[in-house]
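Okay, so chain A shows up in both of these, paired with chain B first and chain C after.
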Partner chain A sequence: MRISGKAGLAVTGAAIGIISVALVALGNPANMGFCIACFIRDIAGAMHLHTAPIVEYVRPEIIGIVFGSFAISVIKGDFNPRAGSSPVLRFIIGFIVMVGALVFLGCPLRMVLRLGGGDLNALVGLAGFAAGIAAGCFFLSRGFSLGRASKESPLEGVAFPAINVALFIAFLAVPSLFLFSESGPGSMHAPVAASLLAGLIVGIAAERTRLCMAGGIRDMILIRDFTLITGFVAIFAFALIGNLITGRFSLGFAEQPVAHSAHIWNFLGMFAVGLGSAMLGGCPLRQLIMAGEGSGDSAMAVLGMLVGAACAHNFSLAASANVGPGINGKVALVIGIVLLVAIAAIVTERNRRSE
Partner chain B sequence: MKEIDCRGLGCPEPVIRTKKGLKESPDGVDVIVDDRAARENVPRYAEATGYKAEVKQEGEAWRIEIRR
Partner chain C sequence: MEDRDQKVVTFHSHYGALLYRRRYGDGCVLRPVPRELSSSCGTAAFVSGGLHEELFDENTEAAYEMTEEGWRKIYG
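This part shows the complex of A and B:
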C-alpha cells in the first residue's frame, strides 16, 4: 500500500492520536501515550545515565519506532545509509532540543497530545515552538545548511537500529541490568507488547508519510505547503476525541498531568525545540525515523538527546511537574538558545560567503 | 537548463534551493536529489507553484525536470 500526501498523513495522525489515548488507558502517564523526549529520558534513566528515580524505564515505544522505520525502509527501498553532515553540531543541537523539551515537559508530539487533553500550557508551548521554527526558517531561507551527507556502508546504517534491538533483548532477557522507577511517570507504562506494537505501527506509518511535527509548520512558513501540517492536526483531533470519549479531557492551565504553568519557560523551552528541529531538518520523532532509515547524522542527534536527557536530570535542568524549571534549567535553556542562534548565524554567514 | 545539485542534502534544503533556482530561472530547472523525501517534496512544491515536474531515475539519484 502506498500511503502519501495529505490522506496518508491524516490516517497516520488519526492512528497516532487513537493509539496514544489507548496507551494511556493501558498504563502510560496521562497525555503521554507518546513522548519522544520523555521516553528517551526514561531510557537514559534505566541505563543508569542519570539517577532521577521517578523517570527510569526502557520504553519499548522508542525501540518500536526505530525498528519499524528500519524494517519498512528496507522493504520499500528507502533504506539509505548516509552520514557526514556536521555530526557533532547535530549532537549538540539534539542535546539542546532535549533540554528545551524537558523544561517544557514534552516533545512536539506530546505537546499536541497535551493540547488534545485540554492542557492550555501546551498552547503556550505551541506558540514558542512556532516562533522557534520561524526563527529556523529565517536562517534556512538565508542559506543555513549543515552540509551534505555522503553514502555510508550498510553496516553503518544498520548499527543504530541494531543497538535498539540489542537494548530490547537485554531488557527482556536480563531486566536486572536496568533501573526501573517504583513511583512517578517512569513507573507508569502500558504492557511491553502493547508499547512495542504501538511503536512499530507509528514507526512504519511515520516513515511512509514523512510525518514531522516541525516540518508542518516549517513548510507553511517557507513554501506555503499545507501537506505535513495535516498529520499534526489529525493527531490533535483524534487525541481530543479519544480523551473526550474516555473521560480524560480536562480544559485549563492548572493541575495538568506532568506539566507546569511557568509560561515564559514553556514558551522558551519549545522555542529551543522548534529552532533546533528546524536546524536538524525534523522534530525528535522524525530524527528517530531517519535514524531507522540509516541516517548516521540523525542517530547522532538522537544520541545528543540521550546525553542531553541524562545531563538534564543530573544537573537539575529539567522542570518539575506543577512547579516549573529551577534556576539551573533556566540558565541552561537561555545558554542553549544563545548557542543555537550562534550556530545558525555562523553557519549561515559562512555558507553565504562561500557561495 | 540550469541544474541544481541537491545530492546529500536532506529536507527542507532541496525545496529551498528549488525555490531560489526558479526565482533566478523562471522557465525551469533540473534538480538532482538522492533523498526520498526530497524526491516527493520537490515535485510537490513545483506543482503547487504552477510548474510541471517529471522525475527520472539516474543511478542512485533522481533528476527532477521542472518546466512551465
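This part shows the complex of A and C:
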C-alpha cells in the first residue's frame, strides 16, 4: 500500500492518536501513550545515567520507532547513511530541546496528546512551540543551515539502529543490568510486546509519510503549505475522540496528569523545543526516524537529547508535576534559549558572508 | 497532485528554495519535496515553465520533470 501525501499523513496521525490512547489503557501514564522526550529520559534513567527513581524504564516504543524506520527505509530504498552536518551543534541543540521538553513535561507529540486529553496547559505549550518555530523560520529564511551532510559507509548508518536492537536484547536477556521505577511514571507501562509493536507501526508509518510535529508549522509559516500539518491535526483529533470514548478526557488547567500550570515556563519550554526543532530540521520523533534512515547527524541529536535528559534530572532542571520548574530549570532554560538564538544568528551570518 | 510538464527543483536547504523562488518570480511555487524523490521533508520549487538554470547555485541539488513513468532527473 502506498501511503503518502495528506491522506497518508492523516492515516498515520489517526493511527498514532488511537495507538497512544490504547497504550495508556494498557498501562502507560495518562496522556503519555507516546512521548519521545519522556521515553528517552526513562531510558537514560534505566541506564543509570541519572538517578531520579520515578523515571527509569527501557521504553520499547523508542526502540520500535528507530528499528521500524530502519527496516522500512532499507526495504523501500530510503536507507541513506550520511553525516557531517555540524554534528556537535546538533548534539547541543538536541540537549537544549530536551531541557525545554522536560521543563514543559513533554515533547511536541505529547503536547498534542495532552491537548487531546483536555489539558489546556498544552495550549500554552503549543503557543510557545509555534513561536519557537516562527523564530526558527526567521533564521531559515535568512540563510540558516547546519550544512550539507556527506555520504557515509553503511556501517555508520547501521550503527545507531544496531545500538537500539542491542539495548532491547540486553533489556530482555539481562534486565538486572537496568534500573526500573517502582513508583511514578516510570513504573507505568504497557506490556513490552504491545509497546514494541506500537513503536514499530509508528516508526514505519512516520518514515513513509515524513510525519513531523515541527515541519507542519514550519511549512505553514515558511512556504504557506498545509501538507505536513495534516498529521498533527489528525493525532489531536483521534486522541481527543479516543479519550472521550474511554472516559479519559478532562478539560482544564488544574490536576492534569504529569503536567503543571507555570504558564510562562510551559511557553518558554516549548519555545526552545520549537526553535531547536526548526534548526535540527525536525521534531524529536523525526530525529528518531531520520536516525533510523541512516542519518548520523540525527543520531547525534538523539544522543544530545539522551545526555540532556540525564543532566536535566541530575541537576534538577526538569519540572515537577503540579509544581513546575525550580530555579535551576528556569536558569538553564533561559541560557538554553539564548544559546539557540546565538547559534542560529552566528550560523546565519556566516552563511550569508560565504555566499 | 503533480501535472504533466511540471518540473521540480530540489535544494540542499530551505534557504536555497526561498532564494530560487524570489529570483524566479511568478510561475514558481514552493511545496514539500515529492515523497517519490526523497524521504526528507525539505522544500522544493515546482515550476511549469522553464527551469531558468542561470538561477541555480550551490544550494541547488537536482531538477526533475514529470513523465508518464514518473519523475525523471534532468539536472544534478
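Methods note: the second predicted complex is superposed on the first by the 355 of 355 C-alpha atoms of A that agree within 3 Å, B and C clash if a C-alpha of one lies under 4 Å from a C-alpha of the other, contacts with A are read in each partner's own complex, and residues count from 1 in each chain.
In the analysis below, a contact is a pair of C-beta atoms (placed from the backbone, for glycine too) under 8 Å apart; a residue touches a chain by one contact, two chains touch by 3 or more.
This one's a predicted model, so the numbers in the text were calculated from it and none came from an experiment.
Participant: Based on the superposed arrangement, let me know which partner A:148 touches: chain B (first), chain C (second), both, or neither?
Facilitator: both
Participant: Looking at the overlay, does A:82 come into contact with chain B only (first), chain C only (second), both, or neither?
Facilitator: Only chain B; A:82 stays clear of chain C.
Participant: Using the touch definition from the top, say if A:219 reaches chain B (first), chain C (second), both or neither.
Facilitator: both
Participant: Would you check which partner chain A:59 touches, where first means chain B only, second means chain C only, and both and neither mean what they say?
Facilitator: neither
Participant: Following superposition on chain A, which residues of chain A contact chain B and also contact chain C?
Facilitator: Comparing the two interfaces on chain A, one with chain B and one with chain C, the shared residues are 4, 78, 80, 140-141, 145, 148, 210, 215, 219, 222-223, 225, 227, 281-282.
Participant: With touch defined as at the start, can you tell me which chain A residues reach chain C in the complex?
Facilitator: Contact set of chain A toward chain C: 4-5, 73, 78, 80, 140-145, 148, 207-210, 212, 215, 219, 222-223, 225, 227-228, 281-282, 286, 293, 351.
Participant: Going by the contact rule at the top, pick out the chain A residues touching chain B in the complex.
Facilitator: 4, 78, 80, 82, 85, 140-141, 145, 147-151, 210, 215, 218-219, 222-225, 227, 281-282, 290, 295, 297
Participant: Under the definition above, what is the set of chain B residues touching chain A in their complex?
Facilitator: Against chain A, chain B makes touches at 7-13, 15-16, 19, 34-37, 40-41, 44-45, 48, 60.
Participant: Which of the residues in chain C come into contact with chain A in the complex?
Facilitator: Interface residues on the chain C side: 12-15, 17-18, 30-32, 35-36, 39-41, 43.
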